[in-house]
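First up is the structure itself, then whatever we jot down about it.
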Amino acid sequence: MALVEWQPVLLSLKVAFISLVFVFLSGVSAAYLMKNLRIPGKAAIEALFTLPLVLPPVVTGFVLLVLIGKQGPVGILLTRYFDTQIIFTPAAAVLAGTVVSFPLMYQSTKGALESIDPTLEDAARTLGSSEWRVFWTVTVPLAWPGLLSGMVLSFARTLGEFGATIMIAGNIPGKTQTIPLAIYFAAESNDLTIAGLYVLIISAATFSLIFGLNHWKLGK
Amino acid sequence: MALVEWQPVLLSLKVAFISLVFVFLSGVSAAYLMKNLRIPGKAAIEALFTLPLVLPPVVTGFVLLVLIGKQGPVGILLTRYFDTQIIFTPAAAVLAGTVVSFPLMYQSTKGALESIDPTLEDAARTLGSSEWRVFWTVTVPLAWPGLLSGMVLSFARTLGEFGATIMIAGNIPGKTQTIPLAIYFAAESNDLTIAGLYVLIISAATFSLIFGLNHWKLGK
Amino acid sequence: MLTVDITKKLSHFTLRIQFSMENKILVLFGPSGCGKTTILRSIAGLLKPDEGKIVFRNKTFFNSAPRTFLPPRHRNVAYMFQDLALFPHLDVSSNIWYGVKKTTPKSHVLYQKLLSLLKIEHLPGRTIHQLSGGEKQRVALARALMSEPEILLLDEPLSALDAETRYELQDELKKLQEIWQIPFILVTHSPEEALAMGNEVLFLQKGREVAEPPPSWHRNANGSSSVSTAANLQFFY
Amino acid sequence: MLTVDITKKLSHFTLRIQFSMENKILVLFGPSGCGKTTILRSIAGLLKPDEGKIVFRNKTFFNSAPRTFLPPRHRNVAYMFQDLALFPHLDVSSNIWYGVKKTTPKSHVLYQKLLSLLKIEHLPGRTIHQLSGGEKQRVALARALMSEPEILLLDEPLSALDAETRYELQDELKKLQEIWQIPFILVTHSPEEALAMGNEVLFLQKGREVAEPPPSWHRNANGSSSVSTAANLQFFY
Amino acid sequence: GCGNTPKAPEPAKTVELNVSAAVSMKDALEEIQKNFAAKNPNIKLVYNLGASGSLQKQIEQGAPADVFISAAPKQMDELSDKNLINKDTRKNLVENKLVVIIPKDSKLSLAKYEDLTGPEVHKISIGETATVPAGQYAQEVLKKLGIWEQLQDKLVLAKDVRTVLTYVETGNVEAGIVYKTDAAVSNKVKVAATAPEGSHKPIIYPIAILAGTKQLQAAEEFVAYLASPESKAVFEKYGFTMSQ
């Protein structure tokens, strides 16, 4: 294709899917732990969880940059134990996506967990299930519509992530350029056609996801 | 105060609260209408509803600019019938906030509506309630935890809105500068202290909201 | 006069039922899964039959040709669900008042009367999940009665109550019907209850009306002995 | 041997109960709201009593001093809830199998036996909301029985069934208890059922055991006539 | 996955050269990349294009970069103060001009900067003065011409030069101040005035090799190539002037 490069599209999808896995696991776990937590500072922790949503992504990106940069605590650990760096790599884009969409998954899960009937969890307990099994076989399926919303939100948010990504993954064509970066880039040289095409592609990806999920649910 | 200006703080809170009202009404209505809608193109409409989340905010801002700008269709109507313009005013910041957080409210509400027990709505119907009353007295209270999540997300998202806001509200100090804009410019000019203070303020606002909502629920 | 003549395909058989009733108490009697709840849901408007019609006085509730469907809220039918369907987000008194269109001095009197009749005077401020099974059932009954309906549908309304209370309430419901003069349709698994309350009994079997009472009719509801009054049955039906 | 000796403050009275039982069927009998469900929930571990202890064989389920609380999953108690609590996201067969720790040929035999005994052979693939009230009750009973517990708690397990089925199941449950030799605790509002099934009956009134049977005991469950076998009562208790 | 496309076996070892450069040079740099690759098959240029301020922060945090091209001296100075650049290699690469643009179909008769004070000009957009170099230069010019205070109520400060261009293109402001190179990429605007000589400090794009580079030789070759006549032609095509 002459106009549009496929690399940003593939990278964006890959980043969005991998982030989705991380954000699902971390968001659901966090919501589960917080549900059973009874401590005074709870609202503060929750505010912290919501912060990546409130902060302008560039700021989130800056904080991450300081953390994972060569002199940052994470960066130092990565160098010492794995002899590697994630700054300016696709892994950094995954990190950015996971961090910015975490609040979406967390809040959606939280809402969903609060509205399920605890009697059903009790029933599972009397039937000999461990808390772990209760959670995965009763709580999660009952909370599914809410989790699904959280997943749609997280996936979409990561797909559109720009500010934090460009900060820590850089904007390296062919390597760390995601769709939003490509859009920004095209707009810079006034290629509104290309920018528009990328917008179409990203919209199509969203459409496919939602269409797929709707049908998946109907199929169940 | 020498370091931090209060105007962006007040403006941000005002914008976030007003947007919250709009996004609550529009998000909940949209989710309700979509729930009962059975048409082939449904997934496409939903994808459209999710788009403001996927598109980089600058792109959303650009689209809005084209719509409400002086030569845009909305802008022309505003000039003709009201002799006014909302571009470069705080109203534009409200519009930007509402549009970017709409997908959050919509999806959260959708998830919440799907997991409530339809028998209870049926019970209300046999007791003579109109669909409108059923919705507000049964559906909404039962879906409340999910709606609350949506409200937290929307409020936080608007509070942190940067890209679309700066595009259509402009950055007119003392008039349309919100906290994220102030943070961005402070950070860009390396005033990390000021940026940090604004981050603290915005975090405190998030904390207050979550704390308040948690207590509001307990009080019920 | 309520006329029901409907067909509805269910999982394992087709419900095909036809009856008319005056302002009396009609009992639906039949084994589990024979279609009793389905009939009540059709009358209440929560389920569309495949074919047929349901007409009450001069109002058509449902007709398959020409296609008519009166939404539940315009039918003025109070329906006490088998699984109660109380509103968990409201307290007991708000649940009971939910169906009242207009608060009048008369409705306040009715409310107080129902509370004492149903022995739930101590419960108004509680939320639903703080109630015992039998308490929930009585609150659901109160909610249905408070709405002053034109038809009352009761799906095993007294099944979770002790015999003492049950007996009293059977009596009260009967009196109420005599005062209100509206059709009551009652589902019960107890032949004694059917006999005590019903002006008519409709025997059901796999979605059809049957002439012969099922074996359960000749046992009391607990299965341990046969009913002494069973001989009177033919007079009722 | 199950020993229960607990105190629990409820809204309007304090539950204070103490009993021991062997591998028999114990019936809890008392008016609505007297604390029957609360006792079962305490034994199942879904509710912590304020004080006292619950000991089964050599396992302490609960003790207020020293503080001991065995989580429900380690109690091996099957509890059939009054409001059933079936899993709406699973089909009937997955519900029934949910509590089975290890699938063995023996459990497959038990499964088939329960399906036919409870007359639910035609339901395995259905989801819960496609069931009638009585069908749900039988599925809940099957789920409790399938888990092969060491104690079985049944909260009005047969209340939504027709007399015929009810009678059969009373019989079957009795036989099952004789084979399994574990404690059954049964809540029922029917004195006939209590008499037919119970080796012992515990009369409850406002959270306390009472020696005198309540008035309901002398009526049959439907309140219309007194129980012919009521005279035998004293032998049971 | 990405980055593992099989490469033809090459005699000399291929080195990767990481270049962090101001995004406003995008088009010119892309063209130069092609030319350079043809001449230096064993040096692979990897661009990271962004706002100069972001690039500076990334470099400060140890992001891999061998060469830095900034859109203004400020960012370079700060890196220099932190000893992150090889000071001997710093020089001025290209220069830019500051112009007033108006929509292509605008009927305004704007010929010089002072005309911006006219009543028919309601809104003027410039880059944010604290962060966007183009905004700082614009402020300097307007102050020098003595119309800065007068224009205060008309100003809309944009996040970047690209946004200024968009405002003018969509007719939401009557005029904007951008670089000549920005005006060159848009066919919806026209240049109405150029800043008078000496009204602002020269708009310089400095270049330097970073202190931490491991590819000093390749970096030097690239920097030298940017000054070649071939590159000069490219830069000028996009509106830059070469620094002396």
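Here the chain labels run A, B, C, D and E in written order, and each chain numbers its own residues starting at 1.
Throughout what follows, contacts are C-beta pairs under 8 Å (C-beta built on N, C-alpha and C of every residue); 3 or more make two chains touch, one makes a residue touch a chain.
These figures come from a predicted structure and were not determined experimentally.
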With one step meaning two chains touch, work out the least steps from chain A to chain C.
2
Using the touch definition from the top, how many steps at minimum link chain C to chain E?
2
Under the document's definition of touching, what chains do chain A and chain E have as common neighbours?
B
Please identify the chain with the largest separation between its CA centroid and the CA centroid of chain C.
E
Chain D and chain E have mean C-alpha positions lying a whole-number Å distance apart equal to 80
If you average the CA atoms of chain B and of chain E, how many Å lie between those two points?
35
What whole-Å value do you get for the distance between chain A and chain D if each is reduced to the mean of its CA atoms?
47
Chain B-chain D separation of Cα centroids, rounded to whole Å
51
Listed in rising order, chain A residues that touch 2 or more other chains are 58, 62, 142, 144, 187
Hey, what residues on chain C touch two or more of the other chains?
83
Give the residues of chain E that touch two or more other chains, as numbers and ranges in rising order.
none
Which pairs of chains touch, using the document's own definition:
A-B, A-D, A-E, B-C, B-E, C-D
Listed in rising order, the residues of chain A that touch chain E in the complex are 7, 10-11, 58, 62, 65-66, 69-72, 75, 85, 87-88, 90, 166-167, 170-175, 185, 187-190
What residues of chain B sit close enough to touch chain A in their complex?
42-44, 46-47, 50-51, 53-59, 62, 103-104, 107-108, 110-112, 114-116, 142-150, 152-153, 156-157, 159-160, 162-163, 180, 183-184, 187, 195, 199, 202-203, 205-207, 210-211, 214
As the complex stands, chain D meets chain C at residues 11-12, 30-33, 36-37, 82-83, 122, 126, 130, 132-135, 137-138, 155-156, 159-168, 170, 189-193, 195-196, 214-217, 219-225, 228-229
Of all residues in chain B, which touch chain C in the complex?
119-120, 122-130, 137-138, 141-142, 144
Residue positions on chain C within touch of chain B in the complex are 44-46, 71-73, 75-79, 81, 83, 85-90, 98-99, 101, 143, 147
